[in-house]
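These notes open a run of structures that come right after.
Presented sequentially are two complexes of chain A, the first with chain B as partner and the second with chain C.
Take a look at the complex of A and B:
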């Protein structure tokens, strides 16, 4: 085996430019596949981190009638905060928020929106809720996201009328002033909604002490899986949509891996076929020297597979600095991601793991081995005498 | 002391009489405006912020629980039908050949881009059942003497906490109405004019709705033809009639 590796190495280096072309193409596949998988991993991590920081915390309790995909449920999905959670809320480890519907009239245009009431002093979410504490005597301070602000063409300091119906169905209206516009990578906290203080919304809705969702801080689960009238949603459940999306995206990007690998493997396959065709005398000599046919096949397979080893080394030379730089500076997508409707940052930071790199190397090595072995099987069918004479078979 | 008692008694009596009067006025208005059924054709001119549109329709109304409207023009809206039964509302759109129920937040949307929302059409309870009223003064609107009535909700599930109505003292027809939010903010204003005597009852044939939150010149609703107490077949008020 040692001799086979030595011979394979010499033959490869001896082939000169042909080998290096193969190696460069294959090394490119190595780097690009690791980078792409890193981007997908990074997106997965970033999406979940952003959702934790902006929307779901460590998990939530939803009012049993609340269904985020059915706005019809909103008018009924509220209840007093359960007594057992009140001490935890007072400690700041949980935050209730109330959700209602309203109509906003920015510059006389009518826009149906979701109004969320949140505690201005909360620090579970990154929302700039402290801006809801702004003192305005004749209006209610409100914050909104940048997507919503762009859609409504509003800026900080703008005043507009908010109309809503209270729990009894009576219309009410007041002015709101936008005290802050935040930018989040999670569209669920931005699109079509405004935030006002929980106390204000409870008063407006005539629902004192009531909430729709209660969120706990990441890593601080109160451990109550059963709460009468409330459904517990773990972080895993709440981020399952991201997992599904990543799964779909992984399948999609696999097509790119296959194309890249195909290009590289095509080169290796061609080289192997050419080698066997041109090196018949050499094959005959090996057999004459006592090599079994299997050993000769093995020699050629090792030679082909060594392309991948060299590609890994070459790829490491330029790939490691490139991948490290990418992990630091990130990859900024050329198009605006805010309208994608999913938690995705404009700049994605790839995340590489040892498992990802090892798995990629193994897959490419194995594929190269198969592709190298495939044409080498012909050697087993060769007549050694004819091969020694260099006669084409 | 006697004097004070007399003043208090007089005040209470005045309030009582005023309250009685206001309720009587409202009842007379309701009996004048409402009928067992009516069929009418109307033109709705929606004066938006940039342009105006005119929509014509034919409506069949029984009491205040059932109504069926078919839009006749423009071509884009022609064939659109709307059915209201009690507190449910359906719309049929010929372009999609689908019947959809308008409920929840969709009720807040405006009807054909006008100043009317679907939920404005849904509240069919009698004003005297849900509001307590009082006469707060008199006014003159385009030469007609009116009482000013202030209505305050006496139930919690009412859309507008307070209303102000100007009622023609002679014909018992509302000539103006203002709708207020709980905060006192005026939300909508309705102006009725061109009051005609049709089959012995005074009826405003032109109504201008203005959603004060929205830009634009309001929505003009003109009744071009009206017939009271006609025989309307029951099948009109079924979902099946929407697709016919």
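Take a look at the complex of A and C:
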């Protein structure tokens, strides 16, 4: 094995330009695959971090009737905040919010929306809820997200009418003023909704002390798992949609890996086939000097596989600085990601794990080995005397 | 690694090569071509012999079988008491690795390796330490008078120098038998004489058996035994005793 590695190394280096072409192409595969998987990992992490910071905290209690996919359940999915949670809420470790439906009339148009009532003093979410404390006579302060603002073509300071139906079924209306437009990477806290203070919404709905969802701070599980009438949703459950989405997206990007690897492997395969054809005399010589044909197969396989070893080394030279820089500065997507309709930041910071790097290296090495071995099997069937004469077609 | 049974390198009277009723046929198209047609030959240790004959007479074919690179169709070739047709792939590789040296018409040096590395190659397959290898390689380069080119690569050498490297590579492990197929065919007269003298000296000093395949008169003039092959048959077997 040691001889094979030594010989393979000398042969590869001796082959010059062709080797370096293969090695460089293959090193791209290493770097790009690690980078792409890093981006996906980073996206996963960012999406979950953003969800934690904007939407779900460390986990939530949902009113048992609440169904985020069915707005008609909203009229029933509210209940008084359970007694045992009130001290925790007072300490600021949990925040209730109430959700209801309403109709907004921006610039004379009509739009059905979700109204969320939230405590202006909360600091579990990054939401600029303190802007709901703005004092305005004859209107209710409201904040909304940038996607919503763009869809409705409204800006800060705009005033419009909000109409709703309270718990008793009576319609009412008031003016709201947009006091802040925030931008989050989480469509779930933005699209089709506005925020007003919890107190205001409770008053408007005639539901004092009631909530739809109660969120606890990240890392501060309240210790009680089951509450009567409320469903506990762990952070893991709430972020599983991210995992799902990313799994789907990973399948898409793995097509890229396959194409990249295919390109690199084509070069190596081609080199191997050509090598075996052009180096018949050398193969015959190895056999005359005392190698078995199977050892020669091994030699050529090692030689081909060494392309991947060299590629890993070359790739490390430019790849490590590049990947490190990317992790620091991030990769800003050339298109506007807020249109994607999913939790994705404009700038993604790739996150690499040792597992990711090791897996990538193993997969590429293994693939290279197979591709090197495959054409080399021919040597095992070669007639050494014909190989020595260089007569094999 | 495996060990050969019943084999003693110093058996003075045993034959290095014993060929019995050897027949080699090659399939061509639907029929067959008989390249060797009943060869009986014996070679003792230290011979400096050659297969001589016109092109197509079967010289290379016989040399290949003796080198266990090919197998007989009928009959048997014993090389150092091993029946070539009965050796497994591993055993025949081991025989070549340990006991046989090859010299080819076109040198067959490994172009990407230096002269030193080329000569060292056969030793890498055997269990020598780096220090032992170095000494053996330098000795072998000295036998052929090419020590100053140790660091060169074959493409930088002349044909004569290449063939001397090839001889050093064949001799470095001090094999029992060296098989040389047209070793001078690519060399001019001066270089031919030069390498033939070198081989003659090695044959004398190391008692290595040499078997050539050639139709070059310069080679023939050095041979101590000439076996004339015609159409796959031994026509004449001339020994020169006490020259």
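Here, the second predicted complex is superposed on the first by the 392 of 393 C-alpha atoms of A that agree within 3 Å, B and C clash if a C-alpha of one lies under 4 Å from a C-alpha of the other, contacts with A are read in each partner's own complex, and residues count from 1 in each chain.
What we mean here is this: a residue touches a chain if its C-beta (ideal position, glycine included) is under 8 Å from a C-beta of that chain, and two chains touch if they have at least 3 such contacts.
Owing to the predicted nature of the structure, the values given are computational and were not obtained by experimental measurement.
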Chain B and chain C placed together on chain A: clash or fit? fit
Point to revise | First (chain B), second (chain C), both or neither touched by A:388 | key: second
So, A:289: does it touch chain B (first), chain C (second), both, or neither?
-> second
In the superposed arrangement, does A:86 touch chain B (first), chain C (second), both or neither? neither
**OP:** Examine A:10 and indicate which partner it touches, taking first as chain B and second as chain C; both and neither are also allowed.
**Re:** second
Here the angle between the directions from the C-alpha centre of chain A to those of chain B and chain C, rounded in steps of 10 degrees, is 150
Examine A:281 and indicate which partner it touches, taking first as chain B and second as chain C; both and neither are also allowed. second
(request) Considering only touches as defined above, state whether A:370 meets chain B (first), chain C (second), both or neither. (result) neither
- request: Pick one for A:356: touches chain B only (first), chain C only (second), both, or neither.
  value: neither
*Touching partner for A:24 - first (chain B), second (chain C), both, neither*: neither
When the two complexes are superposed, chain B comes to within a least CA distance of chain C, in Å, of 75
Note: overlapping chain A surface for chain B and chain C spans none
Listed in rising order, chain B residues that touch chain A in their complex are 49, 103-105, 108-110, 153, 156-161, 179, 181-183, 185, 187, 211, 213-216
Interface with chain B, chain A side, in the complex: residues 71-72, 74-75, 101, 103, 105, 107-110, 112, 161, 163, 165-166, 168-174
Chain C residues touching chain A in their complex are 60, 64, 67, 69-70, 89-90, 93-94, 96-98, 100, 102, 104, 106, 108, 110-113, 117, 121-122, 124-125, 169
Chain C partner, complex, touching residues on chain A are 3, 6, 10-11, 13-15, 281-282, 284-285, 287-295, 383-385, 388
